[in-house]
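Shared chain: chain A. Partners: chain B in the first complex, chain C in the second.
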Partner chain A sequence: MANGYIGKILTIDLTTQEVGEIETAKYESWGGGEGMAAAIYWDLAEDKTLTDGTDPRNIIQIMTSPLTGTFAPSAGGRVRVSYVGLWGWPVGYLTGSLIGGRLGSMIKFAGWDGVVITGKSETPVWINVIQDKVTFENATDLWDLDTWETQEFIWSDVMERELGEWNYLGTGRDDGRTTQRPAIITTGPSAEKYGPWSALIHDAGQAAGQGGSGGVFASKNLKALSIYGTGGVEIADPTGLMEARQWVRGFSASGNLDDLKTTAMSVPMGSSQGVAAVGYPEGMKARVHGCSGCIRNCKGRTERKMGNESRCLDFLWYSSFDMAAHKGAKTDAVLVGCDQVQRLGINSYPMMSTVLWLKALYENGILGVGKQIESSLPYDLIGEEEFAVALTEAIAYNLDIGADLALGLWQCATKWGRLEEDVASGWLPLQASGYVHHYDARHETEWGWGNLFQERDHNMHDFNYFVFWAPTIWGLMGMEPEVSAERMAEIISSKMVPFNDDPNLIDHSDEGIYSDSMIKLVRWHTYYQKYYKESLVFCDYTYADFINPYGENMEGVTPKAEEWLTEAVTAKGEKFEDGIALGRKIYNLERAIWTLQGRHRDTEVYGEYNYNPSAAPFGLATYEAPYTVPMRIDGEWVYKSTNSRSLDKVKVEDFKTRYYAAEGWDETNGWPTRATLEELGLDYIADELESYGKLGA
Partner chain B sequence: MEVLTPSIEQAQRTLCDVATGDIIVGTVFTPRSGQMPARMKSVHEVSQFLEDLTGRDYAVVSRKNIHHIDYSSLVTWIRDTVGDSDLATVVDELISDGRAFGMLSGEVKEVLSDRVRQCERVLGPSLTEEGLE
Partner chain C sequence: MSELIDENKEQVTENNGMSRRQFMTGVGGVGVGVVLGGMVTTGVLGKDDIYAIAASDGYLLVDSKKCSGCMSCMLACSLMHHGQTNLSLSRIQIVQDSTEAYPNDLHIYQCHQCPFPSCVEACPTGAMHADPKTGVRTVDDEKCIGCERCINACPYTPSRVQWNPIDKHAQKCDLCTNTPNWNNKEEGMLACVEACSTRALELTKEIPMQTGLGYDVDLGHTSVAWQTFGIISE
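Now for the complex of A and B:
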């Protein structure tokens, strides 16, 4: 039956250069993406306790979902890359990263639901997949090329003709032809030198960033994977999918160009196209660009070919320094910084914190020429193009302090003997699991809890837009809130099946952040993330859409959109709550793997700065910016800033105990119990945990 | 309220860069993307950092950043670090009516910019060209 799946997953053993297939049907019950990858990892991993991502036994999986390659809006162009990572603290956990662009759809068009890569090649190779044919190509001459040079080389190698001309992928008339280029995912130059930082880049700026995916590729002597296909994706109900797409589009700015809402509540579905433009210098022209099948098209391609397909932290990591150095103006320095991380394949996410940390060390006489930490990088040129180039090249080529930084931030701070002091002060804001502060756990606590109980910065903005950005903008600008705090709580809670009988889920008051309601929110968020975002690969920039200016009574498309779009593709009769339940199952499977890797209650700790109200989360910043969130005080819902709030260690530990209990895990160590795993149909996992002596009591 | 014309010494102090350890830090909010610190070492830089925008500028079509600085900290910094109590008093009075940050941003920017121009006039081109760092 047509259900969005192609039916087979490509397996590639780099050690033997053998190619095979897995029947997708065996893993369909896990959805796709992260869920499917975790299930396959459980079955294929030679050693589930493995924590060294550079070990040849590590497994890289690039998994699509049934929605990938379809017109499911803000889902059709996405794919998830999974692997044992290189960045996490205290060890590398099974982790992964989502990536957009054309990669996922091209995998499907080539006739695969995913690619599973095992082993290690003896010599540098890149993998060339054209339809169902796989070849191993010599990558010796490509090894030191950057990500753009590598792709240019492979495009010219694979394509018969120029972009836009017909390319024939076989010899027969009906073997398939396309005007597209192959979709390539590649590391930067000699990525083994900066593995924890190394991202896989696709096209100009699509990245699987967190966890050192590029370093894992490099550890296998794998430079790149190129996929080229001309097939299609058969789905259950094409008409239904287009109806659902058009319905969803009606909630987006692109579907309402004649009636753009002038609202701060333009989150997330409702926000406009070309959001990346916020990163460009004033007046720079660009056209909007998006991933396959998207209705939002949040990225851009610019008139000067700088900053193409980048957005968010790709720009932000350097823009404040650029503006500080240039009287508040953004200059080409921000674009140079942006393109440097894309070309070198450096994860942009920790870059801003890194510059702030180095700046703090430099300005306090700890780092520099003749200082305790010897370095001759041009710190007096922070904000200029020269420093952006110098720092990124130092990391990528192990120059100056780059060899230390390349180890990863917590590893570098440990080597320099500064970990404890700088995390406590906030100069180096490692929030949890060795990942730098993204949003502040002291205020937007649901973000922090999500990070604490998972293996990386979860980077899920489902609540962030609503509970922080909109109220903060309203407050800063003196705008009348478009929805009251009470109405926001009502709308969001009503959509959070099966916890929708609790009206206090988004209470971010001093008590609310430790409440049983918050435990429910964190659980729902994780389940939603695990299934809808990371397994069915609904885009984080669009979903969940709780509140929307184009919706009746301001209600967004969640959960109707997720359920409708999935059903149109798969026709499994799956309800939204079924997906949430499956998210819980995926989470427990991953929790079991992390447990085998050494995860324990004692390793789920916040960086010390979170307990210090005066600690600056970003280097030398004072901490007076408002952080306005909804909360319930004396029975009344209000929006209120929580700045200067810190976490209470005793209450955090109590929250952990109650959270583990709510998940059905052992409260003393956070390990899954047999009862919980059996309830989820994961008896075989309980057996294996027990054999390792790691089954929760 | 107008700021009194400064003396030459006062004008020099007001236009000077403060020491590295005495900078004032604002925040650039990039809606729906992130926050970044913005570090400023002079009244002039603060005046350039602040923007005269309205709530409408943060709507769906404009995608503007918000350049935020805590006004109470700014007043303290101008008075105690920069050493311009007259300017601090004017800014303090301006912000005392409790309006939201964004509704005051343009006015605070204007006061700071006026003060910078006033100081530059007092010093004249030869003195400002010498550099005040």
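Now for the complex of A and C:
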């Protein structure tokens, strides 16, 4: 039956160079992406307690969803990469990262729902998948190439004709032809040298960054995966998909080009296209660019082929330093910064915190030539191209302090003897699990809670657009809010099925951030993330769409869009709340794996700066502004600043206790209980946890 | 029809000393419209022995500078025609080089519905023909013998005629005159146009200029949408 799935998953054993298949139907109940990968990991992992991501027994999975390869708007172009990571604290947990572009769709067009890679090659290889044929190619000469050079090599090697001609994927008339290039995911040069930082890059700037996916590739002696196909994705209801897409498009800039709304809200679906352009120097000519099937088109390609397909932190890690050094103007330095991280395959997300940390150490006489931490990087040139190049190359090639940084930030700080002091002061803002501060847990508290209970920075902006950005921008600009705090609370709460009977879900008052309503929000957010965002791979930059300037009474497309689009592709009769329930199931499966990896209530702790009143009150990331958030005070909804707020450790611990109880986990250690796992149909997982003595009581 | 074409090819070349391509180039879009407009047959010999077939009722224009490269048009095209999203079955092709500079990073290749279609001329069975009702150049699947002459005859690269390895016949853009998987399609709607996220595609009834960039034009809307974030498009 046409339901968006191809029907088989490719398995590749690098140790034996054996290739096999898994029937997708066995795992379809997990949706796709993260859920499917977690279920497969549970079944295939030789040792689920494994925490060293460089161990040959680590499994790396690149998993699509039924929507991948379709034009389900801002969902069809994404794929999830899963693996035991290299960055996390205190150990590398099973983690992963989403990646866009055309990789996921090409995996499906080649005839696969995903790729599962196990083992370790004896020699450097890259994997060449052409339809159902898999070969292992010598990557010795590619090992030191950057990500763009590697892809250029493989494109020219695989394609028999020039780009833009019909390439024949076989010798027979009916073997299939395509004008497209193979989709490639690759590491940067010798990524084993900077494994925790190493991202997998696809095309110019699509990246799977968090947790060191490139380092996992390198540890397996794997340079790249190239995939090429000419097949298709059969869909249950083509007309329904077109209708659903057009309906969704009506809520986007794409569907309103004649009547664009100007809004100060950093809204997801309703934002203007080409948002990447905020990172370009003034006057840059460019096109907007979108992943396969997208309507949001958040990226771009420029006339000087600098900054191509970069976005957000690819720019932000260096843009404020560039502007500070150039009288407020953006220069090519920011684009050089983009291209350095893309070409070297460095995860851009921790780069800004790294520069801020090094800058503080340098300006306080701790770091530099002849200082406690010896370094001759050109710190006086922060903001110039030279420093961007020097720092990224130091990390990638282990130059100067790069060999220490390359270990990962918490590992580096430990080696330098600065972990405790610098985390407490906020110089090195490691928020939770060793991942750097993205948004502030003291103010936009839901972001922090999500991180505290997961293995990495969740990087999910569903509430962030409205809880932080919108009211903060309105405040900074002296604007009348486009949506009142009361209306915002009403809209968002109404869409959070099945917790939609609670009107106080987004209350970020001093009491609200520790409330039972906040527990419901954190639970819903995690379930939504686990299923819709990371398993069905709806793009974080477009969904959830709570408030939308094009919607009737400002209401966005969530949850109708997610349900409609999924149904058009799969015809499973799945309701939105079914997906939320499945998200909970996926979360519990992963929680069980993390538990076996050693996760415990005692390791779910915030960095000390969150409790320290003398730490910087905000601005630990350069894009942050003094936080204004929605809250309910004396029964009235208001937007209010929280700038003097620190977290209360006693209240945080109490929140953890109540959160574990709400999840049905053991309050003393945060482990899943048999009752909860059996309720979710995960009896076999309860049995295994029990065999390890790690079943919650 | 094929015999007519073959005979005509000789007549035109011999009688006028000018190839059909030279003729079309010389006349240009307006001239072609005058010459061919209103014809409903698939091929005739005019008074001056110039062979012509009916003009298409429509032509697909693109604005390659505005295209985002999301390929939604390709996915929609294949889905509405074949019930599956499949880049290789799409009758419009977007080709991209992600590390190249704008605007050379992307090209759109769509059928021109050529006023003088080489694909039709090359077909030995009449499978490739101009639809009597709409003039659109399209394939009668039942008549196609799989010789691929039409594919090779297309003067453009990549060929706008493609081989369908599933159903075993040639195919090309039919301006959505045959989309069995699109139940509520309204007249004149094209799947690619409907799916386009940037309005980089547009159907026109006017025959585009046959020289230069007649099919790749500025379709407008660019500045309003893009300059919100400072993107400049020419």
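In the analysis below, the second predicted complex is superposed on the first by the 687 of 697 C-alpha atoms of A that agree within 3 Å, B and C clash if a C-alpha of one lies under 4 Å from a C-alpha of the other, contacts with A are read in each partner's own complex, and residues count from 1 in each chain.
In this text, a contact is a pair of C-beta atoms (placed from the backbone, for glycine too) under 8 Å apart; a residue touches a chain by one contact, two chains touch by 3 or more.
Not measured: the values here are computed from a predicted model.
A.B. asks: Once the shared chain is lined up, is A:Ala253 touching chain B (first), chain C (second), both, or neither of them?
C.D. replies: both
A.B. asks: A:Ser319 in the overlay: touching chain B, chain C, both, or neither? Say first, second, both or neither.
C.D. replies: In the superposed model, A:Ser319 contacts chain B only, not chain C.
A.B. asks: Using the superposition on chain A described above, determine whether A:Val497 touches chain B (first), chain C (second), both, or neither.
C.D. replies: neither
A.B. asks: Considering only the touch criterion stated at the top, classify A:Ala571 as touching first (chain B), second (chain C), both, or neither.
C.D. replies: In the superposition, A:Ala571 contacts neither chain B nor chain C.
A.B. asks: Just to be sure I read the superposition right, which of the two partners does A:Asn297 touch: chain B = first, chain C = second, or both, or neither?
C.D. replies: second
A.B. asks: According to the stated criteria, A:Leu399 is in contact with first (chain B), second (chain C), both, or neither; which is it?
C.D. replies: Touch status of A:Leu399: no partner.
A.B. asks: Can A:Ile633 be said to touch chain B (first), chain C (second), both, or neither?
C.D. replies: neither
A.B. asks: Between chain B (first) and chain C (second), which, if any, makes contact with A:Gly164: first, second, both or neither?
C.D. replies: second
A.B. asks: Check the contacts made with chain A and report whether chain B or chain C touches more of its residues.
C.D. replies: Larger number of chain A residues touched: C.
A.B. asks: On chain A, which stretch or stretches are contacted by chain B in one complex as well as by chain C in the other?
C.D. replies: 253, 260, 262, 272, 275, 277-278.
A.B. asks: Going by the contact rule set out above, which residues of chain C touch chain A in the complex?
C.D. replies: Where chain C meets chain A, its residues are 65-72, 75-76, 78-80, 82-89, 93, 95, 97-103, 105-107, 109, 146, 148, 157-159, 162-163, 165, 168, 181-184, 191, 194-195, 197-199, 221, 224-226, 228-234.
A.B. asks: Quick one: which bits of chain A touch chain B in the complex? Just the residue numbers, please.
C.D. replies: Going by the criterion above, the answer is residues 253, 260-264, 266-268, 270-272, 275, 277-278, 311-313, 316, 319-320, 323-324, 327-328, 352, 356, 363, 438, 461, 465, 469, 472-473, 475-479, 549, 618-622, 624-626.
A.B. asks: Help me check something: in the complex, which residues belonging to chain A touch chain C?
C.D. replies: So the residues of chain A touching chain C come out as 2, 69-71, 73, 76-77, 101-102, 105, 109, 148, 152, 163-166, 173-180, 203-205, 230-235, 238-239, 241-243, 245-246, 249, 253-254, 257-258, 260, 262, 272-278, 280, 282-295, 297, 300-305, 308-309.
A.B. asks: Across the complex, what residues on chain B touch chain A?
C.D. replies: 20-21, 23-25, 27-40, 45, 48-49, 53-56, 58-61, 63-68, 70, 72-73, 99-103
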